[in-house]
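Working notes, beginning with the structure itself.
First chain written, first letter: the chains are A, B, C, D, E and F, and each begins at residue 1.
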């Protein structure tokens, strides 16, 4: 297959709808395995922290959701860029699937962070660099969400979202830097790609499992909701109608 | 400047559509349109309210993208929609001068005044547009076309709210533009106000017909 | 000529400038009154306050920036004209800046005085505002263009752009702050400049896109 | 056709120039130190401004915490464990995690006598996690490194998230 | 029915309330992050901040309040209808207040919390806002009507109107401030109330006059 | 409700003007008008753009005060100017219901829908007005008059931007209103679209004539 035709496939919702089904299933199963393994391991078997005791276990939810909500925004920005430049319908479907999940995960990061902040920092909320940039991320998500609510026409909606998501994505590193400049309370990175984590393996292994589980879950969630969205948008087209007629709706969708 | 999704072969054709369809919210507005407008020709777009005249004109200049079929425009054009595009706080002369500047010409007060005089608004030339009557505002927008170098005019209901005398002035403006090698596509409801060289009626389309095209 | 039109428009509708200005003055007064007794010398707070106020006052005029042109059909003509619409967007941005950022630059010494900032800092303060405020107008323009056709009030607009404007306020406030503390900008000024340039590179294109979207609805 | 292309070229040229300038400015900016955060050795060496609100971060030196009997005032020594100490006094409720050997960030004013009067004390968990049984060993072995890492990392912001 | 219509609009479209709400939260965040490092305990700044935000959020929507109705001809119909236009003006004022003052009343506890205000004060804070914010909407309405009616002249007149808001904002800020300091309003609350009542007596009539003027031009 | 500066003697007369003059900026717009409209009668106001039709209608209902001469209106009236007075973010049904409430009637969704159906907009009844075409918006404004109890209608260019079919619908609406004992004063540019029981042409007035009156 030439590069061009390969690229063109992505313009076809139907192609995606069919090809993505097994991917979504596999991701779903993987996330189930990883998440349950990680939760049990992290909550029951990983040792306590020498300072924080059990409260550090919040990390197993807090950090993956904080990582993921940023990744999802980045994902939206990239999808928006592709959508604007190559005028692809699929990218907006992807964005529309990513927004609620991203917003929810940002909220989870904020809430678990502030739950964690109570025992460690002695306060629910602190105007710290990382907390503020997460809060701003939440505002960014909400802005896009509100914009989409306000627009009726679907192609306008797609383009408007893409524009603001792109501008927002460019801004994220600057937001992070600007707040870090002023406020540093949140701990520095425990996990970096270049160095070995500053925590023993009994602690970080379950954590790694959780992170992978979260990413698999996000992949599964985004893809399956994309597929449903495709069905909704293409409901007038022949191929969707034929699925609806065939009486095999369930098999196709799930 | 050229617009559209196909190239034109014949130099004399300024607008051409082939089986053009326009959609709004996935609804096809009218049966396929295949028309061509030649240099010196005019096309009247007719149809009921909501039949898609405005949409068609906007599709031709690229302001409405949900189309199927092919169309192309080969020259520079001027578009005047339902909204007149006048700044109400500025006078007619100021509006004209601004329009000249916008279209890359040197601002020229005296030609602006001449055009305003031509449509019969000389005495209102320095009154802010918000103090003009409905028809007078329309005339200001007409005055803007007069010394335009654009070859193709796309006008949405140019005759509404004009009185009979002004309609006749507009007809003479049309004729002059066509004689000078221009062409015009315009929508219209009022009968017998102008005789175009061709006309097209936008007819609603049934769902079954839609499947074919 | 095209620029002149914008200024004619402002001259004929002075509320475009007056409202933000009045807002600014009232806001400063109220802060001066409520904060003075606690802080005594408010110099330290001046940086943050000035930037928060610039941001908020430019919001007041942002909503109506394209609204009138959109409603009366001028926007269509602008985008269909011969002049590169990109420059028209830049021009719009310039006039918005004149009616918010520039006004702020002019009023800044007065504000600085009322907040008790030392006089030698006025020059640097003005410089800092000159460098940073364009970013606010530029980013604001994108939001204004995106929401002009939606007929929703200013809330959606602010919702969209405030988080994006965040860094400007922080860098801006920070640099005035370090000005007050140490008489130097620290890196703040250069960061402000970088943000403004980044906005200049991205925002006008985004605005143009958004305007086209708005008239294609 | 030509007009459109020319316009597009203008747009791209303009924006690219602006972006290039922005990039240059960002690289320049990275060279500047803009923190109001000072590690103990800078305070010690007189690099921190006197009489202004700043932050000092470090470890609470073991055995240095002295609490007043009557009120909430407390004083302690903030150190980078490399011989640079700052005496801090504070009055108010301390965070739960405040304890000797813990990393904290104190916000306040440096007096001309070198004493730091804090108006806020924030406990700062460092990036090291370990089970309790390991911690005794690790602290003994690693305390030096831990102290410096805390100080250094908070000094060098990393825009791409740490 | 006419009032219900406004509420139906809100119920059907919750973003009408949620968006201003989020906007306020965002503004507070910006404020907090710029001033926090300087002020330490920000409780004292609460009074100023809250009233500046009220002022801002009402100014942003004020300009378009009658403009849209005027431009599309609704204003004529309103003034020619059977319903006493005086009540229509009151209604307009009420809806404007709902989207600025009321939203602020709702967010006030959150703001208070994030600025570290003591919890016992929430009730008094809300009371203070409830009593004072109507005056801002009422006075603002006169300005908006004048600008619609008189164009350029109106803008200059609203230059006169806006300073009338001054006392409100200052009493307001002052009473929250004394609330924070001493737990009591001092005389502020009663002054606020007096201003609101005064505005209620004068502003709607003035607005009505200005609106009639505007459609008779 | 009655308006104007003299009382009417004859019950059957709904509008009467005697030597009515309207001024704008101290300029007299048209030669004195002396007309009367009776129950069941209609009056068409004609004249060039800017001759003062809109001004005359607004003077009759008290929205333009610079007049000389006398005029009076004896019944409740409904006015529709160039601006339609629709809330663009609301649907046609919502606009109608709102108009009912504004005119002191009970809100009635079903009658609102019936009226919208009558003017042929049933399928757009729940689309916000900003998504309607120019003529469709006009039709929404027409639908608002249908169940109004107002006896006298004052309409400024009701036929502009309507297509032929809709114009005919409007004609039938006019006829029905007149048969029900209403009366209509309207301005118009388009020839032969409706035959009123009387018509008046606003003629520009010379400076000398002005001195007399």
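Assume contacts are C-beta pairs under 8 Å (C-beta built on N, C-alpha and C of every residue); 3 or more make two chains touch, one makes a residue touch a chain.
From a predicted model like this one, the values you see are computed outputs, not experimental measurements.
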| item | value |
| --- | --- |
| Remotest chain, chain D as reference, centres from CA atoms | F |
| Classification of the chain C:chain E interface as same or different, half of numbers criterion | same |
| Chain pair with the most C-beta contacts | C-E |
| Chain closest to the assembly centre - both centres taken as Cα means | C |
| Computed distance of Cα centres, chain D from chain C, in Å | 32 |
| Between chain F and chain E, distance of the C-alpha-averaged centres to the nearest whole Å | 38 |
| Centroid spacing, where centroids are CA-atom means, of chain C and chain F in whole angstrom | 46 |
| Euclidean distance of C-alpha centroids - chain C vs chain E, Å | 23 |
| Sequence positions of chain E contacting 2 or more other chains | 15, 19, 22, 26, 33, 37-38, 71, 151 |
| Chain F: positions in contact with at least two other chains | 82, 88 |
| Multi-partner residues of chain A (each touching 2 or more other chains) | 136, 139, 142, 146, 150, 153, 174, 177, 179, 181-182 |
| Interface residues, chain F side, partner chain E - complex | 61, 63-65, 79, 81-88, 94, 97-104, 106-107 |
| List of chain C residues in touch with chain B within their complex | 1-2, 5, 8-9, 12-13, 71-74, 76-78, 80-83, 215-216 |
| In the complex, chain C residues that touch chain F | 151 |
| Footprint of chain E on chain C - complex, ascending | 12-16, 18-19, 22-23, 26-27, 29-31, 33-35, 37-39, 44-45, 47-49, 51-52, 55-57, 59-60, 63-64, 67, 71, 152-156, 158-159, 162-163, 166, 169-170, 173, 177 |
| Residues on chain C engaged by chain D in the complex (per definition of touch) | 44, 82, 84-87, 174, 178, 181-182, 186-188, 190-191, 193-195, 197-198, 200-202, 204-205, 208 |
